[in-house]
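Below, chain A partners chain B and then partners chain C, in two separate complexes.
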Partner chain A sequence: MSTKTAGRKIVINPVTRVEGHGKVTILLDEKGNVQQTRFHIIEFRGFERFVQGRFYWEAPTIVQRLCGICPVSHHLCAAKTTDMIVGAKTLTPTAEKMRRLMHYGQTLQSHALHFFHLCSPDLLFGFDAPVEQRNVIGVIKADPETAKKAVLLRKYGQEIIKATAGKKVHGTGAIPGGINKNLTIEERDIFLKDIDTILQWSIEALELCKKIVKEKLEFFLNFGAFDSNHLSIVRKDGCLDLYDGLLRAKTADGEIIFDMVKPEDYLDYIAEEVRPWSYMKFPFIRSLGKEKGWYRVGPLARINNCDFIDTPLAEKERQELMSLSGGKPINASMAYHWTRMIEMLHSAEKIKDLLNDSDLQGTNLITQGTKQKRGVAWIEAPRGTLFHHYEINDNDQIVLANLIVSTTNNNEPMNQVVNVLAKDYLQGKSEITEGLLNTIEVGIRAYDPCLSCATHALGQMPLHVQVINHKGEVVNELSRK
Partner chain B sequence: MNLVENDKILIFGYGNPGRHDDALGSLFIQRVQQSNFKNVYADADYQLNIELGAELTNYDKVIFVDALREGEEPFCLTRVFPSKNITFTTHSINAESILAICEEYFGSAPETWMLGIKGYDFTIGEGITDKSQKNLEIAWQYLNKILNQQRRREHGTKESYSYY
Partner chain C sequence: MSMNVVTFTIDGVEVKSAPDKTILQAADDVGIYIPRLCYLKDLPPGGHCRVCTVKVNGRPVNACTYPVAEGIVVENNTEELHSLRRNIIEMLFVEGNHFCPSCEVAGKCELQALAYRLALLTPQMPYLYAQKELDATHPDVYLDRNRCVLCGRCVRASIYLDKKNVFGFENRGISMRISVNSNDGLKDTNLTKDDKSMSVCPTGCLVVKRQGFTIPVGKRPYDKKPIGSEIETKTVNS
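Let's look at the complex of A and B:
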């Protein structure tokens, strides 16, 4: 690969605080200029193998094994896909609201984890801080109360998931056409007791994020910034909706590329490119082609794309953020953090609304209709839009499965951010320091990628960095154990 | 490992059952749950998460169970201590860090052990390998013996059992 080219190659392998087996390669020419950057996925995942040959009703349970980081997203997206297969066009209010509660619980805990555990060490201590400090324990030491709230926010979200999905591993709450349980009064009251505290902590987390960013606003708006298209689902009226909606894509300037696209039509609008050096595909908008059609997904794209948010506190925050760009899309990678915290607040508000809705105690849980052989659905997972597409045979077995996961949708943007940061920070440097390497990782982490889906056997090497010259010799090596 | 009478014990297995031998942790937990030991609580997840730091304080002893990628067959039982010098942080978190969070928040972390059961295949797919199945059996027999020993003590038997 790049060792054939004159110059030296920097390899970050794998990326820390990013899930799984990712690797960054930065090839410098003989003058030290960045010649090429790549963000690799070095393990073939074969998602579709999990699903093909299985009965469609097994999918909501099986697909959770694809990812130990966001099993709820796969669980719900598979359930929505099988809704289409069983002809359940409209769920009962109890089923839909239980699923939404599960999803907002998932988003709350996922965004809390990312901000406090993965992102805040960088924001609080700086990109050059010692690696020993740049972690959650460092945050605890610096601000124990905030860190403790982060842990308890996570716990609250996880408990919501447990109450709605049934259990942590292989949750069975969502099933084709509905849900298999409602929320009891006892369960509801447990969550209601703490929801105002959770809401307050979400506000505080957002304020902390804003305070840090505003202190260095120009820096954060320019760090790893690049123009891109933005893709997400929105409600029919343009409102932010993390659970269901129609697909919208905007340009970097905010012009609509397409809007109100239904799930079953996704292949008319989205295509995927395979590149020989990565196992992860590169999706793009068909009408714009491979070169110009790639897009961002996730919190930043969602906030950029929606017209408004239907919860008051989050909507106020959205307006404040969007005023920075005069209402046009923000194309700064670090704005992911701010938008992620707006969504965390939105999720807390939604959870409160749902807990006060008596539909959660309803007993009509399942909808049935005319069976179809094809199902396509999407959901806004914490990291971005997630697509599931199944086709079944006469025996109800899935014979075709196509999944586009959030991190795959953000593949090209993550490559772009590595490229931008390498050019901004590594150009001409004679020594590759921890701080410089972390700068690259900070950019990738903004997208909260989930690369490999959860093999956590003991003994994996967390980080290995090599600098290789044009002769293929290792001239610099850095490992974190 | 010495288990004292009336110790409240958490056995927590983790790993992804969709990754062949990475299922060892959750399979082990199924055994524990079927055995119904007094004062022994079992739970499983795909991975360790930071909120466990708030949970551990409720227990006297904790045993994490995970698949072992590199290490001795059939299993390895090691004491785990809090580590504030975290350099391995992903979406998941390691046991040492969980203990450190527990210690930072609550002043002390429970005595904790890691039971690593040797696995061989961590690629995508269901079912564990024959070799790791044997390792699971041996590890289970070992811990089962310890837990049974504790149960007998609770019924008046004075003998004790220790290992490592």
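Let's look at the complex of A and C:
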């Protein structure tokens, strides 16, 4: 897209080591000041068409095709939506707990992947370390022991997914009104054998993250920091809950914007803006409007929003982190990493609790009630709040589907982080450096975006930057293979 | 030698059979699996799909319709025939619109199971992406033509087992479709979900509603054992 704005346009394409594609454009005015930044997401649009005309009970398996990164979140969110359609108001304890186990397994493996493969290279080697070192291979070379644990943590989560959903990808476990299997004693014992190690490694990962951050606390708290609202679900009593709850939004200062919103009312509180230059919509809180209503989702928003965590180790960590801001929301982008690790620990604790719960061996798997034509549900996917909304016709076919995915919820924050970083680092400079590219990548990566359905070899995507002047001429260009 | 027994060979193995059987029936009786799709025990053979092709004295025939005869030499388990069968299965895949990972009959689908058994991994032929209709009008069952392999089992089951006449074929060649005996879709037929024809479809085309995905992965018929093994595990006695 050529710009009518007088100024240069810098294009960074694609952002490496985010899951999928992205492109960054920085518009500068004639003086070289950052005028506007745009984070273009080349992302599959048309979720809705994937399920239209299909039967509601197919949704939990079909929607997994939408995203290769967090298929389990889509699977569970769709299943929760179909619970509403079949009138299953309360699931059986076995069904609810099996689904929770699946979800914590998914969160554990996703957070482990992000931290070790995508984020730790940045933290361990510094943002300006050469790309050749600042990748997962570099981590393996520098610290083979940590790398091994990362692989096993991830594997543990994936095995939990397999035991609850039937397969590591494209599972079918969650079905309208419940689940199609329980956890056998044999399966349980395999997981119980290793859970204390998994807990220990989750603590170590968190400690590693904290150690690095605390060494340069000021820097981390200011890097890519900006104020925002925060949105997440919380349990009725305000507790962190990744699987189910009611919607809460807080301002950057921690004031409640709304609270205890039910899924079926989401459209009264959230709206989506379309901007011509982006495929991805920009959601916002209705009462605050487009300009001020955008919000962060994901680990940071969740930890900011909840009143407490119901697992002791994670709660202690939450308190320590929140004491940095006197209990008010933290608005630093890099705090995503810290909160992600608190959630990984929380997931490990939850998995342990669940494994010791004999409800998982129950045989009452499905509930049904009076059929409804409309279903809306949400879940806290690893990357943030995910909304599914379906409406069906008399033939059980989905006639309307609306999905707001986590990365879409974080769309504006990712644009903001690019903006803030570009302003800080580019001000006055005309030369694009590797350092600028690195900085922007690190900022975006904190949000763990899943940008398309495609997964790529980690850290192997080329990076391309262009500076274009107001006449549309390329005046500066930087590529890395 | 009794008049009531004929003796012949399948892949060099001697087989004895009553003279009124087809090659496929005789093979089933002795625990030899000949791949098939449109054939179903309890239904008259249709001879539509040609997946059961074997060679009799060097000539390709349908095992499901060809009668046994004294001294014939039958080839079944050869790479040549498997490759032919693979081609047929592949064509059925690319002519339809199949996406097994999100299909509710995956794991119990005979088409999918045949693809696994015959080691058909990814179709090399171009997909047709043909526009096919889903009939969801019936309160209890649906007909998703995207997954139909035109085996005609439902047609025969409706006529011979249910004594109804719900299904038929329309058009020819590439535009051939399964049709229903009404102007307004399945809801206007006398089909019920308990009809025999509702249990014969080898794929996810003719399916009872609201039952999908209730059997977990690992417990579905073909998760553990390949298609045909139920025949092969029979004790061989002639």
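A few comments on the model shown:
Here, the second predicted complex is superposed on the first by the 466 of 481 C-alpha atoms of A that agree within 3 Å, B and C clash if a C-alpha of one lies under 4 Å from a C-alpha of the other, contacts with A are read in each partner's own complex, and residues count from 1 in each chain.
To be clear about the criterion, contacts are C-beta pairs under 8 Å (C-beta built on N, C-alpha and C of every residue); 3 or more make two chains touch, one makes a residue touch a chain.
If you're wondering where the values come from, they're calculated on a predicted model, not measured in any experiment.
Once the two complexes are overlaid on the shared chain, A:Asn402 sits clear of chain B and of chain C alike. Of the two partner chains placed by superposition, chain B and chain C are both touched by A:His170. Once the two complexes are overlaid on the shared chain, A:Thr197 sits clear of chain B and of chain C alike. Set against each other, chain B and chain C differ in how many residues of chain A they touch, and the higher count belongs to B. Legend: residue contacts after superposition of the two complexes on their common chain; A:Ile140 is shown touching chain B, with no touch to chain C. Applying the stated contact rule after C-alpha superposition, one finds that A:Lys155 touches chain B and leaves chain C untouched. Counting contacts as defined above, chain A residues 62, 65, 170 meet chain B in one complex and chain C in the other. On the chain C side of its complex with chain A, the touching residues are 99, 101-102, 104, 134, 136-137, 142, 209-210, 212-219. On the chain A side of its complex with chain C, the touching residues are 53, 55, 57-58, 60-62, 64-65, 165-167, 170-173, 175-176, 180-181, 366, 395-397. Contacts from chain A toward chain B in the complex involve residues 16-20, 45-46, 49-50, 62, 65-66, 68-69, 71, 113, 117-118, 131-132, 135-137, 140-141, 144, 147-148, 150-152, 154-155, 158, 168-170, 450, 453-460, 462-463, 480-481. Chain contact summary for the complex, chain B toward chain A: residues 14-19, 21-22, 26, 43-51, 53-54, 66-71, 84-93, 97, 100-101, 104-105, 114, 116, 119, 122, 124-126.
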